[in-house]
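Here's the structure we're looking at; comments come further down.
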Amino acid sequence: MSLIAEKTTPFKLCGRENNQEKTVIEFGKTSIGGNELAIMAGPCAVESEAQLLEIAGYLKKTGVSILRGGAYKPRTSPYSFQGLEREGLQLLNRIRKATGLLVVTEVLDQHTISEVAENCDILQVGSRNMQNYSLLRELGRLKKPVLLKRGMSATIEEWLMAAEYIMSGGNNEVILCERGIRTFETYTRNTLDLSAVPLLKELSHLPVIVDPSHATGKYSLVPAMCKAAIMAGADGLIVEVHPCPSEALSDGAQSLLPCKFSNLVRELRDVAALAGKTI
Amino acid sequence: MSLIAEKTTPFKLCGRENNQEKTVIEFGKTSIGGNELAIMAGPCAVESEAQLLEIAGYLKKTGVSILRGGAYKPRTSPYSFQGLEREGLQLLNRIRKATGLLVVTEVLDQHTISEVAENCDILQVGSRNMQNYSLLRELGRLKKPVLLKRGMSATIEEWLMAAEYIMSGGNNEVILCERGIRTFETYTRNTLDLSAVPLLKELSHLPVIVDPSHATGKYSLVPAMCKAAIMAGADGLIVEVHPCPSEALSDGAQSLLPCKFSNLVRELRDVAALAGKTI
Amino acid sequence: MSLIAEKTTPFKLCGRENNQEKTVIEFGKTSIGGNELAIMAGPCAVESEAQLLEIAGYLKKTGVSILRGGAYKPRTSPYSFQGLEREGLQLLNRIRKATGLLVVTEVLDQHTISEVAENCDILQVGSRNMQNYSLLRELGRLKKPVLLKRGMSATIEEWLMAAEYIMSGGNNEVILCERGIRTFETYTRNTLDLSAVPLLKELSHLPVIVDPSHATGKYSLVPAMCKAAIMAGADGLIVEVHPCPSEALSDGAQSLLPCKFSNLVRELRDVAALAGKTI
Amino acid sequence: MSLIAEKTTPFKLCGRENNQEKTVIEFGKTSIGGNELAIMAGPCAVESEAQLLEIAGYLKKTGVSILRGGAYKPRTSPYSFQGLEREGLQLLNRIRKATGLLVVTEVLDQHTISEVAENCDILQVGSRNMQNYSLLRELGRLKKPVLLKRGMSATIEEWLMAAEYIMSGGNNEVILCERGIRTFETYTRNTLDLSAVPLLKELSHLPVIVDPSHATGKYSLVPAMCKAAIMAGADGLIVEVHPCPSEALSDGAQSLLPCKFSNLVRELRDVAALAGKTI
């Protein structure tokens, strides 16, 4: 019954069978999916220019080249902070121009695709939208990379099929992001499925990155899971960093302080080297 | 951490605390959420005028007043049949006008909301879109009832919060539809969570219906689960019926033949009566 | 890969294919698996003779003929109350002889099988022991019925195979008990899988009963789920009843007061009648 | 409601709070939980003396000092191969004496504890028995280390409480083994929960090892997950190795060939070194 069981691969575009060469996404000085380990870091939500500037400064010093931050935030409750929206996008763009950092930020719907695309380098599709096929199809017509997070209870097959929706529109620059799946375990926010990394590498030529912050929901587990993700074969990491986690407007409990993050990146250089990658 | 644990209810609009009276959605001769048990039936996908007419005839004879059928079909693979789309909507509308049946059909994205709304009586939000908040917000501005399916792994809290997104826009006519959650069990397509029905009745004043077809994925289990759903307190059922399940373009294995469906409805009258409802 | 998919049934003894006639377990005046709906009720744990006598009185008045109560209690923590053990068994036996009620109680290990068997009418295997094959094999040599609870995350196939372990030893009197499976949902203690009932009825000839108390963990949901279970085709129910739930040594939150239980049984008579069964 | 949320730790014996020093289990030349990375390898089931001798030879050459192999095999079906039982134990013991390798093997029930204990160095409790409290209590009276596998859907809290059952009997030598949890994903056999490793290290002083073979069910994923496990902080690995996986009596699909295993161990030395451990 499973498509995976079929003799001919159902993954016409994202599958290994028809495309042996792995996808490397180039951004001038840096790239994702090649020999470099991509690190994306920043706050869950963009909160202010001062916040972004502070974090951007740390990233530059640490040698990290991709800033993450949400301007549009999908929240379980309509009464929670929904992000700075357009203002947040503009802030991201100003920082991006001022610092030369690349920016990845979430796109929530079809109406705001072009606005989001103009202000960032990589558009993120969140877990809740992994099977929002109308959104995926429109992202397939863009000429910008898409970071596709795994749905909360998406199978590997459904996830690759979501990538297929984007690629079948002509956009081949899809980055898969494992961010934990929903299980019975409540001690961690989700269960990080690291075995998905080598499995995706077998099935697909797309880059795979890992989000240990959302997966575990606990900052103290993030360093170990970053290292484990690299050894599992990940092409990159996306990590939440906040100058004052206890005052973060969202997801403080899983955010690292900038100084801890800098120390972590130093440790990750050796791990990446062992995995044949550079930071 | 759970919002449910908070003293003040997080469900400002859909919660019982602030709105003791249960929501009854009126459609001229029929209603959902009151003393009537609502039955929605029809094919997974609209395939042709002949197919719809045949099923509509059975529904009329059986005394069922709501036709279901998908014109826009969200499919795991971009290469699967995606529905007849606009043509399917127009077919539904013709049948609706010709027969007086009410029509419920899925809306997939913001672009097609008005088109879908013009051709049906109830707009369905599918599991994959339960947390597509941009879609929910726009449905909140409509003056048509919305049938909100539970996400594949949505908690009760997330589901009610999704209803809250719609209601906070001004549209109070939300119908909750339990359609099975994703678990480890593979013998059934999903695990029908019938305990969600009395639980939702405690927490919320919104009508709750049950979809045993998608939940079980097996037509032979549908009759028993229809009866169980009624006794669990459901306000209605949504059942897949197809004149020739083995040739259905989607979900044949879980569709009842029209004659079996008619027999089932006869049996359900007694069950509904025992639960204090009429069909 | 699944055994269920194989052409020849893997369920040699418990399967329908080789044994079309359904198993009815006879106990003198009452039976399980036939036209009677079996109701088992009582406290989670046997706490005292007074407690048992009070509940037994209610059961007699209500027309319920099977008393449940744990003497050996498997508890997550070794520091929690573990049951009255041998003393609890003896209490159960005294009540059983004094009142004529049948008794079902849990057996935890091989060492105590004969002791438990002497003091009760049905031996219960709990969820944690569903795949304790050594225990199952020894129960297969007994001449007493075994109530086999589904494991917390056992598939239907694994569960029937556990029944097969008992039956392959010569004991054909196995009663299957659905008690909820472990899922991501935390509002209910477990997720009651009522679709397992008609599914088991298709696959097997064994009686199937339902435990809505452990499944939901909330006494307010128990009445609705009892009714739903009957309409789903269950052969019986096992319900927690306690004279003072707030002081129960275990599982108070899911226990019904005796008076509420009596009212419930009255309502269940009509539901059972509609399902073709008597109470 | 969760014990973990309580102010005072519920993990009296296995918890960090009362025992800051980490547990190191000594076996003459080798140890588990200290600076050495423990590697346990061998077939799922003991099949013959020739098989064991061949694998033992490879282990010796590779510098691995612990042989795994099941004599008593818990199988879903009573009709599947159940292991060589006593003969298997004796074979293990002969190889152990002849080679000096340590042996870890599963104990299935109370009756065979002393027999198993006499023939091995570490007794394994399988997933199905993680909450077989009678078995755990008796293992608590032994003077031999116990390898406690996580139950298929056991929470971290339940798992540590199972360790507490053993330790409260006086046996402090418990090794925790993460072996994947049951989720909706069917492409891998289970979902390896590597975040459990650093989490257990925060909560407990016990050694933690990882079983990537059972977790993934696919030999091709084992090398990457071994490396990831080490970087996540694991104290050891347990890996299935079989001279001819396609003819294995159980679990062939997840077994490595001896030559591949030797290569893997070579690669793991560098990973272990980076994690501050030796092989």
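When the chains are written out, they are named A, B, C and D in that same order, and each has its own residue count from 1.
Note that in this section contacts are C-beta pairs under 8 Å (C-beta built on N, C-alpha and C of every residue); 3 or more make two chains touch, one makes a residue touch a chain.
Remember, predicted model here, so these are calculated numbers, not experimental data.
If you compare B-D with B-C, the chain pair joined by more contacting C-beta pairs is B-C. Mean C-alpha position of chain B lies 34 Å from that of chain C.
In whole angstrom, the spacing between the mean C-alpha positions of chain B and chain D is 47. For chain D, residues touching at least two other chains, in rising order: 153, 157, 182-184, 186. Taken as a graph of touching chains, this assembly is fully connected, with contact between every pair of chains. By the touch rule above, chain B contacts chain C in their complex via residues 2, 4, 153, 155-157, 181, 183-188, 191-195, 197-199, 202, 212, 215-216, 218, 220-221, 224-225, 227-233, 270-271, 274-275.
Those residues of chain A lying in contact with chain B across their complex are 3, 10, 12, 74-79, 108-111, 128-129, 131-135, 137, 151-153, 157-158, 161, 164-165, 168, 182.
If you check the complex, the residues on chain B that touch chain D are 153, 182-184, 186.
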